[in-house]
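One chain, chain A, links the two complexes that follow: it is found with chain B in the first and with chain C in the second.
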Partner chain A sequence: MGEATLTSAPAAPPQEDSTTPSGLPWWANPRVGLLVVIVALVILFSALRPSFLNVDLTLVPMQADLSVFAIVGLAQLAVLSLGHMNLAVPRMAAVSAFAAGLTYDRLHAPLVVGLAVALVVGALIGALAGTIITTTGVNSFVVTLALDFGLLGLVSLLYAWATDGVAFAVHPAGMDALRFDTMNNYCAGPVCGPPVPLVVPIALVTVVAVGVLFRRSRVGREMLMTGSSLRAARLSGIPVTRRIIQAHALSGLLCGLAGFLLAINNGAFSATIGDQFLLPSFLAPVLGGTLLAGGAVSVLGTVLGATLTSVIQKGLNLLQFQLDQLQILIGVVLLLALSLDRVRHVLAERRGVRR
Partner chain B sequence: MRLRAQGLVKMFPGVRALDGVNLDLRPGTVHALLGENGAGKSTLIKVLTGVHRPDAGVVEVSEDDATWAPVTFGKPQDATAAGIGVVHQERNLVPRFSVAENIALQSMPRRHGVVDKSAMRALASRCLQQLDLHLDLNRPVAELSVAQMQLVEVAKALATDSRVLLLDEPTSTLTSQEADRLYAVVRRLRDDGACVVLVTHKLDEVFAIADTVTVLRDGRSVAEGRALSELSRSDVIDLMVGRSFADLQPDPTPPKDRSGIAALELAHVSTSVGHEDVSLTVHPGEIVGLYGLVGAGRSELARALLGLDDITSGSVLIRGQEARIRSVADALHRYGMGYVSENRKEEGVFLEQPVTRNVAVTVWRRLSAWGMVRDRSESVLLDTYVDRLGIRISGHKQLAGQLSGGNQQKISLAKWLAADCSILVIDEPTVGIDVRTKASFHTLIAELAAKGLAILLITSDLPEMVTLADRILVMHDRQLAGEVDNVAHDYAASSRQVVRYMHAEHVA
Partner chain C sequence: MNFRQLRSGALVAVTVASLALAAGCSKNTTASGNDATSALTADQVKIALVPGGPHPYFQPWKAAGQQAKQEFGLGDVTFNETSGWDQTKQNDVLKSLAAQGYNAFGIFGVSPDNINSTFQDLTRQGFQVASIASCPAGTTDDASFCLATDVEAAAYKAAKAAIAAMGGQGNLVHLTGNKVDSNTQRRMDGVQKAVDETNGKVKLVQTITDIDIDLQTAQRSVADLLAARGTDIQGIVNTAYNPAVASAAAVKQSGLPIKVVAIDDDPTILAGIKDGSVAATVAQNPVGQATVGSYALMKLAEGCTMTTPGVTIDSGSFVVSSDNVDSYDQERQAETTKLRQDFDDKYLSCS
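Entry: the complex of A and B
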């Protein structure tokens, strides 16, 4: 049996076969699949309705939507890293948006101050959720579900108390610019920017920051390790309680940002902000290959997942699907994505991760 | 029943775990299966029991040594049904199920289609009795110690009444007393005509009990069913390692200076898990051993020290200062104390994370600037330990769960050796580690101690204890029963004293 060429040196240099960091081959990489599907859908929709490629009608609003939903996805991703869930994403966004609205309404504060208030309020609520989870030991699912329910009531009470309806009428300076302007409105001499709404750079910065956090930073990595195995993390000297609270706080902060941006896009700080956030918050990360079990996240995948959802929504809108038909479709997409999550797990197991 | 395998090949991404392995298992023998970490022993066992499908090769059985019938096991149950019992290296118990339920799991007695509880309990207690193990049948196995779980695994395999029994490192967490009881059972099974396959890194056990041996190296069988009576210990080691290898022990260390302030001191410590009035000191540069039977409370004491259980009275002093340690994070970052858990699978490694992160996790603080970890320094760190401990990986991004058991253990050691602690509590460091690595680990530990590291060592491997420790404290029923001065590192003398204390009633 001398014909084979196995080297006997320990740690023989790896034949880096085409595996992703998670040890899966590239074709099992959900990002590649997503990209293909997105491109295919864009071609399909623009063939059926040429207006799909219309800048003002479709592309600009789609980018604005996409920015919000990417951040909503990241809000969920922050706790998925732990293997937790945040079912209070909608109401964390709602309460934060309310806080920003109140700041503008009562204090006539400039735009950024309201943004800061929304972020802080979101982070605090998230930290509260994390604290309840770590001190009681109750499952995040239950805690955030209850929290969402409680905050739902709070939001309507707050709006009833602070406004004479369900929305603030106030328009802080700069809000309309942020809402309607694109970079195209800003020119340096004869050269104008691309038709990209101003919320897009905000979303981009956020995406990069969250990406860096989980890929490079110690804190982010420790969150992932905690999600991978709570016991091993505790026994490796990771301050797991702190990391869990921080991840939830980050989730809340991103909810705050999403709520704020949606209010800008809608042109009003109202009680319905966040209502449609829950499903997309799972859809984007899961489509992008983030495991519900924790320990691995994909920020880029989440952006692609959000893109896919936005493309489908806009496309079907143009094809004049009804809202309820749309919801059925989105639900089906989520189920498919979740089954894909399972398939990937099984594949990973075949490749022999011992449990 | 005689079972044989020919030309078995099993490939995993980046490795040929088995590369043409032959094995012949005759009834009425104890067959040792040896090889270094990552040689392919567990993979072979898994292929024989339907966990993995071989990529090539055949497995055949024969009742009369003349006619051979090929068998394929699509799933583990098929192997059990064919009379092949197995204890895998990784534990496979259902934590929430009781001891009795776990033991009877694969051979659940039924009556009218439902589980016959009393027959189940009878079966379980019969199997436990064979091992001379006294456990509450109703206790969930999650509450047992690692060693007790391992014995329950063995009892579970005994319950299947197999004619071929495959044991993958069954004694890795047992003391020699418990291992002896297990081997008494093995001998009886052999005399009844069964074939028992034994995978272990403890060569003394091999020579004491096995008749024939197959040695694997890099996935190939370099010795196939040779009689052990023709081989010496060093022959076997040479076969495993592939070249001559001197089984060197580290030089005995000079007696340690114990006049200064102790690095770690426990003063009259009682814990919520039953320890009473335990006092001990470990000085810088000293290796203090903690020995005792399974269930004596050694690991539990370590866990209480690390804040995982409560200390109810008494005090812990670190470098003379009273310390309040509430978690491993506390211990590591505030007191420079590290802890290698005995429970590799659940607490030692992150199975689904790359090996780099597994090793660097305790060091990220040191490896980062502005909160960002430098990947390069992570890789350099890993390479250092891959080198020093001979960790067999196929790439930096390989997941820890894809490593062989012994290599996972090396990862869980490496992360604490890298952590640069001044006090290290080590619980069962060399479980499942091969002879060569064990020697380099011993050298490494002795070196670290010489540099001033204070080590509290818990190991069930008495020879290892005598090789490494300066003093051996013997624990019996959660109290210290005596102290053995081990500066001479003389196995005969020290072990005699240790065993005496171990069985002596507590001396107040």
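Entry: the complex of A and C
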């Protein structure tokens, strides 16, 4: 079982939105709505606080954060395609980041080797979750919840075993460049790149690859069909067991990538990597129009969903809201997002379109 | 275009792009920082005090920060506790504050193990950074200084107080916070050291970690502890706030003759000392940390330098029992005055 299909294609400019079901007007498309809200918020926040447009202190860090949270969203999206959930996103990221840290610490491996290790470990744990789900028939919610608890303990034990404290004090060559540099630091003659952190292209390639997987590849389409109707998928000869395991492996792999990138952004491979991933992992895809029931995903929507949450977070930070106000606002956004999902679901069903 | 064509097209595009990037590209090493490195006057210094998240311990920082603003004539002092115990969020909060014009930071790092990365990030952009109330794990500190309670010493004092209250023998339990935090490891070392000094007369029978999340978690854990072995323990030493409150209340309610030593000095715990349900507590010095921290940050922004960059300074810990419950604060204020004097005399070098 492999991720061959996933890694095969860093490809193609982001597709124009073809997932809009025929029959729904363009404004009912959640992606358009999101884009409008994002633009409106950016204008609002920049008007209230011009420092929102500060390149070094606002825009660059925001892009780096966004890269991580878009991938966290995609990790959840991979299993939402099946109508499954992955509650172990935080700890899959933590274990992967541990594996990468250990590789650097013990083997003094180059940066890219640690990344590969993180991806493989993530994918293996994901595949394990998928295998347990398919062989026992237990709900993915329960399996991944149990797995998260198990891994939580494991992460703590692993760090206690491998380090004195709870983090690796390693800095493989290139880590600081990946963390601090933007393309603006690299110039060809007088022309320098845009102020885009170096982690952004990694995220971009991933987003395109996942997009291509679900839109163009057979494996991706079959995952969606499995999510849409397990029975129908099985009757049409789709190897549903294998697709379920692959989707979970993909989810694990993306967790591994997110954990790695967060470790780079934070500057350390530590036990707390991934702690805050769970809620954002649902928020981004659901905001973007991915159905919790499975069978329909929106990769572009997930990126926009992650962007919206980043913009809100940053804007409210700059406006110096107090903690309680911040939490209320984030709660309201969540509730709205989930209600919108329900409305869209009903709308889609009423039109007889099962996406 | 089918998938195969798309794939090869994309591969070519990516290859061309990377080649273009690799060829003829040179790294521009000019630091893209701001100009805060030049000396400022006090009214240009804007200090942000940023704890790791909301916690009763940090509340005195608010008033102390405002007091410092008045006293030193600072541009502004703000207090921001929205980091929510998440290092990523804290980094974000710090950058947002920097974007707002704050140029000196007193930080309680969420994660002592990677807070140095955050410090580097801020100092390389020309900001003044102090580690307050918690030091980075390990031996290096990339902030200008760390002004914090020496947690190992404080835990040692607390355990000594518990052992004294127990009459120098018996079974002791240690309740503390997040195990994957290097400060917790240091606290455990401090307690162990005090226990070792009794030559086996006092046994550390259990160390319960990860119960400082909230009061409910601590209460549940303490209830389980008392139910399981309430009759064969003589002392409980707390090195975290929530377990301290929970164990004082639970022991009082159960009527067991267990001596409880708490941490910090909020009204609940002081009331416990007065009514006898808490044998002693170890108070820290949050006001001193905020006041002296702000003072030193201002001096650094004005052009002073640290004689030893990254030095660790103990802000003091004070054993409070029924004997000195009404007078310990004077002792603490004296320590704060002394700390500020020490900065002028020893730690800072001003031309």
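By our rule, the second predicted complex is superposed on the first by the 323 of 355 C-alpha atoms of A that agree within 3 Å, B and C clash if a C-alpha of one lies under 4 Å from a C-alpha of the other, contacts with A are read in each partner's own complex, and residues count from 1 in each chain.
The definition used in the following text is that contacts are C-beta pairs under 8 Å (C-beta built on N, C-alpha and C of every residue); 3 or more make two chains touch, one makes a residue touch a chain.
Being a predicted model, the structure only gives us computed values, none of them experimental.
K.L.:
State whether A:Ala296 touches chain B only (first), chain C only (second), both chains, or neither.
P.N.:
In the superposition, A:Ala296 contacts chain B only.
K.L.:
Give one of first, second, both or neither to describe whether A:Asn184 is in contact with chain B, with chain C, with both, or with none.
P.N.:
A:Asn184 sits against chain C, while chain B stays out of touch.
K.L.:
Quick check on the superposed pair: does A:Asn54 touch chain B, chain C, both, or neither? Answer first, second, both or neither.
P.N.:
Once the two structures are laid over each other on A, A:Asn54 reaches chain C alone.
K.L.:
In the overlay, work out which of chain B or chain C sits against more residues of chain A.
P.N.:
C
K.L.:
Under the stated touch criterion, which partner chain does A:Asn265 make contact with: chain B (first), chain C (second), both, or neither?
P.N.:
Once the two structures are laid over each other on A, A:Asn265 reaches chain C alone.
K.L.:
Quick check on the superposed pair: does A:Glu222 touch chain B, chain C, both, or neither? Answer first, second, both or neither.
P.N.:
It touches chain B, and chain C stays clear.
K.L.:
Would you sort A:Gln276 into first (chain B), second (chain C), both or neither based on which partner it touches?
P.N.:
second
K.L.:
Check whether A:Pro239 is in contact with chain B, with chain C, with both or with neither, and answer first, second, both or neither.
P.N.:
A:Pro239 sits against chain B, while chain C stays out of touch.
K.L.:
Residues on chain A in contact with chain B in one complex and with chain C in the other?
P.N.:
Shared contact residues on chain A: 8, 10-12, 212, 216-217.
K.L.:
Show me the residue ranges of chain B that touch chain A in the complex, using the header's touch definition.
P.N.:
Contacts found on chain B: 12-14, 16, 19-20, 38, 90, 217-220, 242, 327-329, 331-333, 338-339, 341, 346-354, 357, 361-362, 364-365, 368, 371-373, 386, 390-399, 401-402, 415, 419.
K.L.:
For the complex, give me every residue of chain A touching chain B.
P.N.:
Chain A residues touching chain B: 1, 4, 6, 8, 10-12, 14-17, 19, 21-23, 212, 216-219, 221-222, 224-225, 228-229, 231-240, 295-296, 351-355.
K.L.:
Quick one: in the complex, what on chain C touches chain A?
P.N.:
Interface residues on chain C, with respect to chain A: 3, 6-7, 9-11, 14, 21, 24-29, 32-34, 54, 78, 80-82, 84, 86-89, 91-93, 95-96, 98-101, 110-114, 116-118, 120-121, 124-125, 137-138, 179-182, 185.
K.L.:
If you look only at chain A, which of its residues touch chain C in the complex?
P.N.:
8-12, 49, 51-52, 54, 56-58, 61, 65, 68, 156, 159, 165-167, 169, 179-181, 184-189, 192, 205, 208, 212, 216-217, 262, 265-268, 270-272, 275-276, 313-314, 317-318, 320-323, 326
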